[in-house]
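Next, two complexes with chain A in common: one pairs it with chain B, the other with chain C.
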Partner chain A sequence: MSAFLSYLIHGISLGCGFALVASGIIIIYRVTRVVNLAQGMFAVVAGFSAASLLDIGLPHVLAESVAIGAAAAVGVLTGYVAVGKRGTNPQASLIVTLGVGIFCYAFEVLIWGDQPRSFAGLAGSYEFFGVDVPKQYLLVTPITVLVFVALELFFERTYAGKAMTACASNPYAAALQGIGVLRMSLYGFGLGGALGGVAGVLLTPLHPISYDSDVSLFVNGFAAAILAGLKRPVLALAGGLLLGVAESMVAGYSKASYQSALALLLTLAILLVQAMRRETLHAVEES
Partner chain B sequence: MIRVEDLIVRYGAATALDGVSLSVARGEKVALIGANGAGKSTLLNALSGMVPKAAGTIRLGGRFAHVPEGRQLFFDLTVDDNLRLGAFRLRERNPAWIYEFLPELGRLRRQKAGSLSGGQQQMVALGRGLMAEPDVLAIDEMSLGLAPIIVQRLAERLSELNRQRGLTLLLVEQSARVALSLCDRAYVLETGRIVTQGSAAQLSDSPFVVAAYLGSPVQEAS
Partner chain C sequence: MSFDSRSATIVALAAAGVLAAALLEESALAVYVLLALTATVTVGVSLLMGHAGQVSLGHGAFYACGAYAAGVLSTHGCPTWLGLLSAPFAAAAVATIVGVPLLILRGHHLAFATLALHLIFLSLISELSITGGDVGLQGIPRLSLAGITLTSVRSYAYLSCTALLLVVVVAQNILSSRPGRALRALSSSEVAAASSGVAVGYYKLAMFALSASFAGLAGGVYAFYMGYLSPGSFPVMLSIEYIVMAAVGGLGKVSGAVLGSALVFLLVHGLSRVATASGMPSTAPIILSYAVYALLLVSAVLFLPSGLVGLAARAAARVRARARARHSNGGQAETPLAAGPDQPAAPEQVASKHGSFS
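Moving on, here comes the complex of A and B:
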């Protein structure tokens, strides 16, 4: 029972991180139709930045906030490179984001080295039904929920959120209304960067990150995003939690190495089901 | 209100508009008539800055709103959101007057635009264009795919705005019959050039226009 509870709490925290990465992928996809393969890199940049800022004596909260800001700025830069040139199609932009992600490895190794880094999060732990739960685990969930509530309010209640949705829905019509589609795309990348950054600063105290941690973060985030149908960030929360808990259980009760395979298998299964459903729809339409 | 001189627009090697010149005065109702591919929509896109011009000049003497072909609504958003986004460039974004002017939209305000019928969507597109408080409203293919009764209703509303607010109307229509019954003047485009122009009465009697676009004489709209 205590092992199960321990895996569950670990899985929920992990899933929150995946959900944050996934929400960034979804927001960028919604606004630009580009699957941002550099999404995991934003979390890595934020994690490394927070560790460095804490090392030079910045207090917690400020260090994490600056690190999230840095990830947002890197997001805007990535967006500018990927979609800044008028007429770039989403497939080409996708490849550009892959290139940006790999290019950033060089910077990350240059600045922070090639060894995993971490920093101390919230100290101490609580006991739940005989299980010691570090406070940092308990911090991840409410912050993630708050971020998702803020995102939902932003897209459903604010004019800027509606304008971003309009760009995703019909870029031509959005431009006709005077909405700067490129500007909104960059805002989308900035927001995606910030969300990746939140994931980075929350997860780094739990799991040390290295320059290539972006791959596993992206794979898991993408699986959660696909589970959410790449539509609403709030659905990614459910997708991320499901994936996080499943991976934690697999790692706990089976082998840890199966953990990363699960996200890939899940992504593959969902893509196959979607492709089959699309084929069925085409067949129905043609008949 | 609108003055276009020697406008040339190219898509790669293809010339879509080839030396088009036209003028529209404040409060006029002017139609652009022509077959598919004549360059009518390209002309509107050039006026709204959506396609770059290769040569020529465009002068707009006021706020210009463009209701594009196919309505182009934001299907994922509600009718109310669609209308409010029409006023993106303005501070005032309250669509209350649109609901008074087009009462049919009032009861649809919370519905997603993608769930509406063609006629309702056209009304939202028209309302969204009007939310920009334009001096010139350009409408691309208003009648396409709509029942004549709906076209008639929309035409009445537009004439009302033209009379009451002095709104200048520029209508792009494949249906010359609709265009000539609603507008004072028209230009006829063929393969990117203006081939003839005149008052609605003159063009309705023109053997060329009758043979190419009408088939039988036009009846004046109320």
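Moving on, here comes the complex of A and C:
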């Protein structure tokens, strides 16, 4: 029982991280129709930056905030390269985001080296039903929920949020209304970068990250986004939690190395079911 | 491309390959073997992306599949030639089996699915005991063909050159035949191709399997050349390198794939030589290679969508048009990009059809 509980808590925190990465992927996809392969990189940049800033003596919270800001800035730059050039189609942009992600490998290794890094989050732990739960795990979930509430409010209540939704549903009509589609795309990338950054600073104290951790972050985030149908960020929270708990259970009761393979197979199955249902529709869209 | 210029390309490539294999020093031959194997895989990736319109981020898995098929068979008592022969077939079989469901997917979904395939394959080979797990597969015997055991690096240089030539000939012939025209049709519009009687699903699957078999063949040669395989030899980055090379050379063009992989491979290799010189930090080689791959990929996709070969074709067409205009003393009948006998369509049109990522 106590083992189950600790796997569950671990899975929920992990799932929150996946959900944050996934929401970034969804927001960028909605506005630009580009699946951002560099999404995991934002989390890595934020995690590394936070570790360095804490090393030079910045207090917590401030260091993390600056790191998230840095990830948002990297997000805007990524967006500028990927969609800034007129007439770049989404598939070309997809490959460009892949290139940007690899370029950041070079950058990250240059600044932070190729060894995994981490930093201390909240120290200490609470005890629930005989299970020691580190405080950092308990920090992850409320912050994630807060972020998702803020996102919902942003898209429902603010001009920028509504403008981004307008671009998502019909870029041409949005442009006719005087909304700068490129600017909204860049906002989308910035927001995606910040969300990736939040995931990075929350998860780095739990697992040390290295420069190539972005592959697994992206794969799990995209899986959660697919579970959410690439539509609404809030649904990604459910997708991320489901995935996180399932992986944590597999890792706990079976073998840790199976967890990512399981997530991948699950995602592939869902993708295929969705594709088969929508095949005719896609064919019409494409022509 | 007419028949003559096609066979001229192949003869030139064969001459250059054999000469290089015969004349290069031992130390340079190691680079040569890996370059030829990389080019072999890239030809398949380029065809798949340029003609069947599919982005594959998982061709490294087919390379690994061929390598492990050859390695496992020959460490279990099979004759080595049979191991090499089975490599392309094993990769093609895997591609066919996974391709039936996966090729329903398009665009970024397919890109993700192939990436997932690579990751699943890696975790599979590091778990199975027959592939040696994380430790790797050791003691793969040297290749014996018709009683001759290939032991020197030079013999593997000839072997990899042969593999590349074989793949180039097969690819050229397919492109200039009926299946090639069908593939070109479906890469610009699947609906239009299907309504003209092209069996879209069949051709896409066949192309996927064919390009996987190219990768598998290269993997088989790699297994005998190295004598040792481990999951670490086939990182995800490997699959991405093929895409960079195909994009730099020009998607869908066989000569582009060979040229692109040669240029990119030599550039990265040269830079890593510089980076390992004394006084440089130990991480310098990986920093440089990541930066070069990334910059080449981004600039090729954004600024050179038809690749170096497309650029060369455009320049050649411009020179020809100018010469023709001068010849006819400023005659107005000739448009600058007139379609000549060996230039079936204006290069821009070709580029927009199957040189870009649409």
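The rule we apply is simple: the second predicted complex is superposed on the first by the 278 of 287 C-alpha atoms of A that agree within 3 Å, B and C clash if a C-alpha of one lies under 4 Å from a C-alpha of the other, contacts with A are read in each partner's own complex, and residues count from 1 in each chain.
Rule of thumb we're sticking to: a residue touches a chain if its C-beta (ideal position, glycine included) is under 8 Å from a C-beta of that chain, and two chains touch if they have at least 3 such contacts.
All figures in this text were calculated on a predicted structure; none of them were measured in a lab.
S.K.: Just checking: does A:81 make contact with chain B only, chain C only, both, or neither of them? Give me first, second, both or neither.
M.R.: The second partner, chain C, only.
S.K.: For A:159, using the defined touch cut-off, is the partner it touches chain B, chain C, both, or neither? Pick first, second, both or neither.
M.R.: In the superposition, A:159 contacts chain B only.
S.K.: Check the residue A:271 against both partner chains and state whether it touches chain B (first), chain C (second), both, or neither.
M.R.: The answer is second: A:271 touches chain C but not chain B.
S.K.: Which chain, chain B or chain C, ends up touching more residues of chain A in the combined arrangement?
M.R.: Residues of chain A touched, chain B against chain C: more for C.
S.K.: Taking the superposition on A as described, I'd like to know which of chain B and chain C A:103 touches: first, second, both or neither.
M.R.: Once the two structures are laid over each other on A, A:103 reaches chain C alone.
S.K.: Considering only the touch criterion stated at the top, classify A:114 as touching first (chain B), second (chain C), both, or neither.
M.R.: second
S.K.: State which residues of chain A lie in both footprints, the one left by chain B and the one left by chain C.
M.R.: Residues common to the chain A contacts of chain C and of chain B do not exist here, since the sets are disjoint.
S.K.: If you look only at chain A, which of its residues touch chain C in the complex?
M.R.: Those residues of chain A that touch chain C are 34-35, 37, 81, 85, 88-92, 94-96, 98-103, 105-106, 109-110, 113-114, 215, 219, 222, 255, 257-258, 260-261, 264-265, 267-268, 271-272, 275-276, 279, 282-283, 286-287.
S.K.: What residues of chain C sit close enough to touch chain A in their complex?
M.R.: On the chain C side, the touching residues are 55, 57, 101-102, 104-109, 111-113, 115-116, 119-120, 123-124, 126-127, 189-192, 236-237, 240, 243, 247, 283, 286-288, 290-291, 293-295, 297-298, 301-302, 305, 356-358.
S.K.: Hey, which residues of chain A end up touching chain B in the complex?
M.R.: Those residues of chain A that touch chain B are 159, 162-163, 165-166, 168-170, 172-179.
S.K.: Show me the residue ranges of chain B that touch chain A in the complex, using the header's touch definition.
M.R.: Touch list, chain B to chain A: 48, 50, 66, 68, 72-77, 81, 84-86, 88-89, 93, 128, 132.
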